[in-house]
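Note that chain A is present in both complexes that follow, paired respectively with chain B and with chain C.
Take a look at the complex of A and B:
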């Protein structure tokens, strides 16, 4: 209902104009914007993704605090790891929810009928899920600053978290699109996605924890993990753009 | 490939692999010199490096099989990818186990969560999950397509494993190529091989393990063909039974 209606409202452009590269790329961006807009509208009406992620993260933060209560210093030392665990598990839930709902409503079939590039569908999905997870992080970070008294407000930290999230979601959308089509769909996603995204997440967590001290680290200290995160982002996005249509098409 | 050719090739590879494994054992245990600081323990190095190297090559071939399958879906490419992941995992397990056994005398611990050891564990997990994915899909074509995509994406962890010690501070030495300045400070011993015999033994071990990979691959393809054939015959029998009743 909302899906169909929202598909029609934004400025939908098809890729008919093959004459000029600029016209084509404008059409591509138009498609992308339409897909992201559709996701945002669905989310605004149903709140199916964000609500689950948010409530889960809050519960997880409380559980961690409870588990580490006796050791406040230890909790502070491992807080950047905790932050990433919460983000990972919450976005796994969000990915499952967002993509499975689309599968159940068969709205993915409607999207596939549209004469648009499959990579635009993939990118649109990545951007929209990314928006939701970034929103979640915007709520989580102040909580972590309050609970653990660590400088999560530093712009470098926020940048690293965004970079790590991009790679995670890029892999997540691709893997979740596969896992929801299998028999054991809800269980399969974390089994596939958690190890796959660990290289990016571990590097990002290392880099974030380097910024947790009272003084800023030197560039050479954080250069390698940040480079690994960026490499992971690029590799995953490229792999997703090229292989997504094999995953969604029959 | 005709079945006769496949059978003969498999046999050739089987026997040459057996012969080469025997030769390699002799080289490792009797011909290679004893290392000065670590003694006989260092002989595990040949297994460790050989298995690690071949596991990565196997995962690379699985990636190639996946790409070829996506370009033109054929059961053969799916089997090549599947077999390569299976064999690669066997070698990766050998690599991790031998590394852990070697770590006990060299680093005085079975396991440290250093970047290299972490990334290799992650790689191992990613390829184990490959079987979970395959097991969850019944439709043959969809299974082939999805596992091809997964094996391509999963290769990122192999790259990360290969490059992690070249970028990050690690207790694990770099064997091929230069390690970064930061990483060098932590190395416990020089990674250069101090004798030509060691180099030759390592090369032969790696070649033998590669041959073992090829032999296993051929056996696996043959096995898959037999499974398919058995499945086809089973269907025939069911069909005939149904018609007769």
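Take a look at the complex of A and C:
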């Protein structure tokens, strides 16, 4: 049993809950780990999220590849955009699948009556969906290299893709937590999320495109789009951490 | 242990609770009954820290809500007609997850003990979605009491249970009562509610219209009294 305080200790001061910062950090990290552990276990049992994302992505890549086969140069030019389209749509599917199950079974109530920081619930969800999407990207990138013969293996490209994905998922968990409570959730999530993340996604696509040529771009050429992607990540994560409790609580 | 004074709850323009006054002493078992739409679930969800009151005072263990919701949450367990479990996880994984959330030490031993208490140890590696309604409800009790809460909140726990499962749930609740937990249950099952609890209160259209000590009335008299009060044939 945990060393819990007595419920009947009168609320004369607020010092009761001022536990040591290290203990609070441990509790926070414990909650994060628990949420990620749960999501991974559920996925391991059901393959519900990853399989849907993977099948959709593979179908999209194959369709794009054959649709643009006659114009190979054109395909190469737009491959970075195609990559982002596939990532965004697959991530949106994953977000919906991941959050809908919790909402339908009302197991979210069990999380909300637990004595845990709401921001840890948010961050745990972001990390777990991010893990699934990164895994998907690890499968997608070799396919894009094979189909479009572009240097998606470059570390800078991988880093930009990871940064762009973080921002999209950070915004996505927040928006999906709201849209999931509505009857039109399947439609509402992409309708809200795609325009919201458009500036960051366009910047990420621009930065990735810059690295697709035979020569590496200079820092000044990619500085602005990369800075915008990082700013979007920070903004969305901060917004999520500070507003998630308003979204999930009454 | 639970104190509610002048509680009002509005959903937009709709007033669901109209000035509820209610006290549940430590170790007491109070059943709240009433028709559909009486406001029972809303009241329970406010005490469970899942909803905020529009006006009035609600406190658990002397801690006002929602200001001290974080403090109170560690001490309450909620059993709902929704299982609040993850159907795709096994019984053991579900309890282990909640043990992690509550920061319990010696998790494995506590999970094993909880599964043994509700008679599901042999099914600990089975996914919850394969369980019958009765088994799921027993696991829900195990989940809700895993952290040894002082207050147990039950929202229609008998919904969909057959006779055998009902009997098992009765036994589990009596055991929790003996352990000294304060229990607030809402139910449509008047007989069950009456026999299990120390007190039984009647909620009608957002107003607490009666609060009866079980010992002062027989079950039959209570059923008649309930009909009279809820149909408005006599003044409460």
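Basically, the second predicted complex is superposed on the first by the 232 of 250 C-alpha atoms of A that agree within 3 Å, B and C clash if a C-alpha of one lies under 4 Å from a C-alpha of the other, contacts with A are read in each partner's own complex, and residues count from 1 in each chain.
By definition in this document, contacts are C-beta pairs under 8 Å (C-beta built on N, C-alpha and C of every residue); 3 or more make two chains touch, one makes a residue touch a chain.
What you are looking at is a predicted structure, and each value in this text was computed from that prediction instead of being measured.
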item: A:199 touches, of chain B and chain C: first, second, both or neither?; value: first
item: Which of chain B and chain C A:181 touches, first, second, both or neither; value: first
item: Partner chain(s) touched by A:212 [first = chain B, second = chain C, both, neither]; value: neither
item: First, second, both or neither for A:78, with chain B first and chain C second; value: neither
item: Contacts of A:145 with chain B and chain C, given as first, second, both or neither; value: neither
item: Which of chain B and chain C A:52 touches, first, second, both or neither; value: neither
item: Partner chain in contact with A:42 - chain B first, chain C second, else both or neither; value: second
item: Contact set on chain B toward chain A in their complex; value: 70, 118-119, 122, 125-126, 129, 132-133, 136-138, 142, 145-146, 148-150, 152-154, 156-157, 159-160, 163-164, 167-168, 180, 182
item: Chain A residues within the chain B interface of the complex; value: 171, 174-175, 178-179, 181-185, 188, 191-192, 195-196, 198-199, 202, 220, 224-225, 227-228, 232, 235-236, 239-240, 243, 246-247
item: In the complex with chain C, residue positions of chain A that touch it; value: 1-2, 4-5, 7-8, 10-11, 16-17, 27, 30-31, 33-34, 37-38, 41-42, 45-46, 48, 101, 105-107, 109-116, 249-250
item: Chain A partner contacts - residues on chain C that touch it in the complex; value: 1, 26, 48-52, 60-64, 68, 70-76, 78, 80, 82-89, 93, 97-98, 100-106, 110, 127, 143, 147-148, 150-151
